[in-house]
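Notes for the one structure printed next.
Note that the chains take the letters A, B, C and D in the order they are written out, and that residue 1 is the start of every chain.
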Amino acid sequence: MSRLAVVVFVLICAAFALSWAVRAGVTGGDHALREAFLVTLSAFMTLAIMSFMYRDNPYYKFAEHLFVGISAAYWMCVGFWSTIVGNLVPRISENLSEFFKVPYSGGGLDFDLFFLPYRYFYMIPIVLGILLLMRLVPKAGWLSRWPLAFIVGTFAGLNLIRYLQSDFVNQISATFVPLFVEWHGFGDFIGQLSLAADGQFVAMMTNLIIFLGVLCGLIYFFFSKEHTGWFGGASRLGIWILMITFGASFGYTVMGRISLLVGRLTFLFRDWLGIMS
Amino acid sequence: MRHKLKLVLVLVLCAWTTAAAQTDTVLIDPVSAAPVLPPPLPVTNLQAQDTDNDHGHAITLTWEKSADDGAGRNSVLAYEIFRWFPFQMDVVDALRKSVSETRDAVRAFRIDLPRAEHALRELREDPGKLRTLRFNVARPDDSTFQLTADYAIRALEDTIAFIREHGPILKNRIKPLQQDLEKALAELPQAYADYPRDGEWRSLGKALVGSTSYTNTGAKESTDKDFIPDYTDLYYRVEAITVDESIRSEAVTVGPVQSRGQWFHAGRVPVLGFVLMFFVFTLTFVQMAKKGANLYVRPLSGIEAVDDAIGRATEMGRPILYLLGLGDATQVSTIASFSVLGRVAKRVAEYQTSIIVPCYDPVVMAVAQEVVKSSYLDAGRSDDYKQESVFFVTNYQFAYVAAVNGIMLRERPATNIYMGKFMAESLLLAETGTLAGSIQIAGTDEIAQIPFFIVACDYTLIGEELYAASAYLGREPVLLGSLKAQDWAKVVIMAVALIGMLGTALGWPAFAQLLQVTG
Amino acid sequence: MGNLGIIIALALIGGGLLWLLIRAIRGKEVNRRLIFVFILVSVAAPILFTITFEMKPTPIVQALYDKIENLPEGSKVLLSFDFDPPMAPEVQPMADVVSRHVLAKKHKAIFMTLWATGQAQFNITLEEVIRRDFPEARDGVDYVDLGYKAGNEGVLNVIRTDFKKMFPTDVNTVPWDSLPILNGVRSCSDFDLIISLGGGKPGVKEWVLFVGDPTRVPTAGGVAAVVAPMLYPYYPGQMCGLLGGIKGAAEYENYFRDNHPRYAGMTTPAMLMMGPQTVAHVVILAFIVIGNVLYFVTRRKEVKR
Amino acid sequence: MRREIPLVITIFVGFLAIVSFFSPPLEGLGEDFTLFFDIIAVFAFFLGGGNLVRIHANKLIKRKTDWVYSIVTLVGFFGMLSAGLFKIGNPGDISTSVTAPGSLFSVLYFNLNLPLGSTMYALLAFYVASASYRAFRAKNREATVLLVAAFVILLGSTPFGTLLTSWIPHPLDILQIPNLAVWIMSSPNLAGQRAIMIGVGLGVVSMSLRLILGIERTYLGDDRG
């Protein structure tokens, strides 16, 4: 560690210690020290991550590694309590439910598919889960493919249907828009032929663009036909439509990103430094 | 015997409640002062049939509006629907309740006993703990009452004694109660068959004025309180009611009707149609491909870049970073990414360069290890395979990003390949990659993220192209066949869209309705 | 004081951009760290010295507002808090204002979450909105919190047909049957409106695919800006309204506040956030311009050579 | 054998899942399978955790570069894990939620996970800016279209859009930036989104088919494995 690094480190420590003390003074109350420490800690973590924008550095590395450790454990715990204890235990064992104090739902006359009591039916995932852990045993590692096969198979089936219905049938039938808006006679049509957002002309253009856009977009995705001639033209139109889409959603997203930064800065200014109300 | 008792009890209860109800209506009748209006005309043509496309346990009623609904005297406020309940249902219900209540009581005792004992010990040691006592004792409802330590101790002792005494008794009571419940359930069908003896009409709810149908959906678990048995005669009645609840049309009764489950969901035929279409297309073209019909596929720059990228990595002696994204193994995009990973890893093994695969999901990690390992085997370099090259980071989105960004700046991979489901982190990763000077190839079906990849990466596979990628890299005729099938599906879609559009343009909605998926 | 500060800050930013533009015309690239600094200033300044703008609701926001406004009193509305703290700055304001609107119209509000992290977010709304603005609302009668269940789309798959199976109790382990608000709720079909507040997966899209479409229950959403464009195709067919990003939230807040004088004093975080938004947007636009100027300048040079 | 059985499993459950959609009595099946997955996933969590620990312990023992930080990771991991599994400092008994306020678990979450996560996310604000500066350049037709669309939307989401173009008279008011932005979002954007969606739908469907028909089996690894 170079001398400079040491100096910087010491300075930073001093700065945060100071801010802790000040914070504690400002907060007051019996938990002041604790509260102040936690806020200061959060602030340190915030700045440590932000320092990554300058370049990779020990403080970022520290924050990063800590983050990885905690978050990995976070989901393990949540998964354990909400799924194993919350969903599995009540279905398989009354005593365990008693132990974890969760309402036992598997008992009584509750029968499920194949007329298997839940208790037995829900042994399947346990078995599969254990098979998955077989990976840790070199000899029996191949057994772990069964649960994987189960997962992949099931969701291949479920997804096939879901997407077919929602992203597909529904989206197609949504393109069934009247290309010509309601016909009230020619004079009326001419009268309404304005570029105004509420004008008939715009409405018509919109429908037309949506329809052609979808078609050309699909043409762009053709894999087994050369994109030449009229087909190529259509696919070029398609890619343009896609580009507009991407530009639009990029532009739209910026908004969200700024909000996030606002959130963080507000934390720093208000909760830590206390320089804004 | 117990049944009879329960029955009597319940009957008395019902009698009392109905009586109470009647007196209530008289008391709080809002328009009793107003001139009493004549009862509205009843509904006509009341029909009841089993609800379609369900697993049974549901009945749908349909009727034609009362003449006074919206027309005529226009006095109808709503339609009240009744079903005939055999009293046996109450027996079942009562038993069900007592079973669950006993269970709860037993559980509560288990929780309270240790707490009480603990509190007792504390108090005995130091009566001053009374204020911090975490177990509140029964107090006499007397405002002047002052809680003293020894009162609390006595109260606690009583409680503990009570629990000790009654806990076991209650526990032993559960089993017989359950048996009774089963017996009572067994007698249900008979009870329903006895209509109209030993039963009464009970309101299920109201359908708003103007409505002409009502679906009575029950539970399928016989232990549930609104359980409707299948293949059992049920009877319904509908009354048109007015502002004044006590003025109502005479009841129209319908029945018997039975609920049953259907084996096929008729509302989903269009989906089935498409499923079949896909099966046929895929199978035919795969067969054609197997027979060796040569299938053209247009070049995808993103795919062709993969090979050069791997070559580049080899020259620079730097690793390749492959990210499978945030999807878990249930997402098809992740599975697509597996097969791309397989191809890439094979090349990597052949070129004898190294690959890093940090994973977001443990299951995905498991699969990825299998995939990479077998690719090395296929390339005949199984000994070059290091298991730690495919590892789990964490499945907390931004912790994962933080770690991967670190890897990018420290390992300096020559190429980053992002394939699969990506969320907000897409740009964080891609920008850092650019900073690290890596060639970047991305592919995702997450529409919101494609723009960021397009902006920050050298090549991007857009949506569907990701799914085609594995076929492209694999070059196996079978896979190319399925691509062909995909394209033909597109043709069908366009045709359908065109017809549908023309249909709506010419004011001929029949076709659009064909595609309506209900339920 | 505040005005002075903002003026100085804006002047700094403006001047800096101008200088960069001139450098660009001379053909000099902008260092990315410099860009970062500009963004930092342009966001920080308006936070420290607040600026706000009035805004009109766009139709798609209006649609959701009207939907809630026109439901008959006592309708059952399901609100799912499918977001986490990182997304909160964007989505929490929506969650707050929509919950406020639902309760203000005396609808029955049923809260749940598909994200482990959503529970904490709901607690915020509970404290800041429900307990503060609706002290009379009773838990279990006027609103209920069913809490979190793991399983993402899986949860939706289950509750679509059988809610109780997934949520045997509410978050305080009160059994389902003893919650009056849930009387007559068996599946998602029994709700009058479903609103998912989210920005990730599972989120609004999953609600539409797995619940809205099959059950045909009107479904609406409030989402982080990033996913909003992806959801436009679902409106109006499969969704009955959408709040896109902080702008949507701000529009809703503004409109709700103007039409419900009773809540005139309510906090409007989203509207406050539009200040930094605007400045930052302008800065980014400026950088795009600078980038293109630079591009054409350099290309002309190459052509000359 | 090591590959056939998994293949059979995939095909069987795949078809089962499809059938269950069309047959009301089997509707419960999809739900149960999804619950199954969640349970398996939790087992996998422990697989992942184990892997994490092994990697970092390895780094630590072999004194690889940055091994010091591996200590941080391990400490964080085990600290959080014990806090969560043993519900350290949770108010009330075992039945209270693991994230209950006051528990060590939630304290760690709110003071470490939360700031770290949100900050990482917030970096996007900066990256979006640098990316748009670097990449939004009118290099060719496609790039120009992208640029213009983004520019209009960006302008439209600021009050300046209104200021700049509010002078445009009624019949042409579609050209006012805010209107134009809304129109782009709800017309060409919609078309593009829909095209991609249908495409993705197709991709998913045919990929799923390949899996169910056993054509695509990379995920199964290799017999010799």
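Just so we're on the same page, a residue touches a chain if its C-beta (ideal position, glycine included) is under 8 Å from a C-beta of that chain, and two chains touch if they have at least 3 such contacts.
The structure presented is a predicted model; accordingly, all values stated were derived computationally and were not measured.
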{"item": "Common touching chains of chain D and chain A", "value": "B, C"}
{"item": "Between A-B and C-D, the pair with more C-beta contacts", "value": "A-B"}
{"item": "Taking each chain's C-alpha mean as its centre, the one farthest from chain A", "value": "B"}
{"item": "Centre distance in Å when chain C and chain D are each reduced to the mean of their C-alpha atoms", "value": "18"}
{"item": "Chain B-chain D separation of Cα centroids, rounded to whole Å", "value": "19"}
{"item": "Chain centre separation (chain B, chain C; CA means) in Å", "value": "23"}
{"item": "Residue numbers of chain B (touch at least two other chains)", "value": "111, 268, 271, 275, 278, 330, 332, 335, 363, 366-367, 370, 392-399, 402, 410, 424, 447-448, 450-452, 454-455, 462-464, 468, 483, 486, 490, 493, 517"}
{"item": "Where chain A touches two or more other chains at once, by residue number", "value": "49, 52-53, 61, 63-64, 67-72, 74-75, 78-79, 82-83, 87, 101, 132, 135, 145, 148, 151-152, 154-156, 158-161, 164-165, 167-168, 170-172, 174-175, 211, 214, 218, 221, 242, 245-250, 252-255, 257-258, 260-261, 263"}
{"item": "Overlap residues in chain D, where contacts from two or more other chains coincide", "value": "18, 21, 27-28, 30, 34-35, 37-38, 40-41, 44-45, 47-49, 52, 66, 93, 95, 97, 99, 110, 113-114, 116-118, 120-128, 130, 132, 134, 136, 146-147, 150-151, 154, 157, 182, 185-186, 189-190, 193-194, 196-200, 202, 204-205, 207-209, 211, 219-221, 225"}
{"item": "Pairwise touch network: line, ring, star, complete, or other", "value": "complete"}
{"item": "Residue ranges of chain D touching chain B (in the complex, touch as defined)", "value": "18, 21-25, 27-28, 37, 40-41, 44-45, 47-49, 51-52, 55, 58, 65-66, 93, 95, 113, 116-118, 120-121, 123-124, 127-128, 130-132, 134-136, 146, 193, 196-200, 202-211, 213, 215-216, 218-222, 224-225"}
{"item": "Chain C - residues contacting chain B, complex", "value": "32, 86, 175, 177, 184, 186-187, 200-201, 213-216, 224, 226-227, 229-230"}
{"item": "Interfacial residue positions of chain B with respect to chain A in the complex", "value": "99, 103, 107, 110-111, 178, 181-182, 185, 221-223, 268, 270-271, 274-275, 278, 295-298, 300, 329-332, 335, 363, 366-367, 369-370, 392-396, 398-400, 402-403, 405-406, 409-410, 447-448, 450-452, 454-455, 462-465, 468, 480, 483-484, 486-487, 490, 493-494, 496-497, 500-501, 503-505, 512, 515-517"}
{"item": "Residue numbers on chain B that touch chain C, as the complex places them", "value": "100, 104, 205, 217, 219, 225-226, 397-398, 421, 423-424, 435, 447-449, 517-519"}
{"item": "Contact set on chain D toward chain C in their complex", "value": "27-28, 30-31, 34-35, 37-38, 95, 97, 99, 101, 106, 110, 114, 117-118, 120-122, 125-126, 128-130, 132-134, 136-139, 147, 150-151, 154-155, 157-160, 182, 185-186, 189-190, 193-194, 197"}
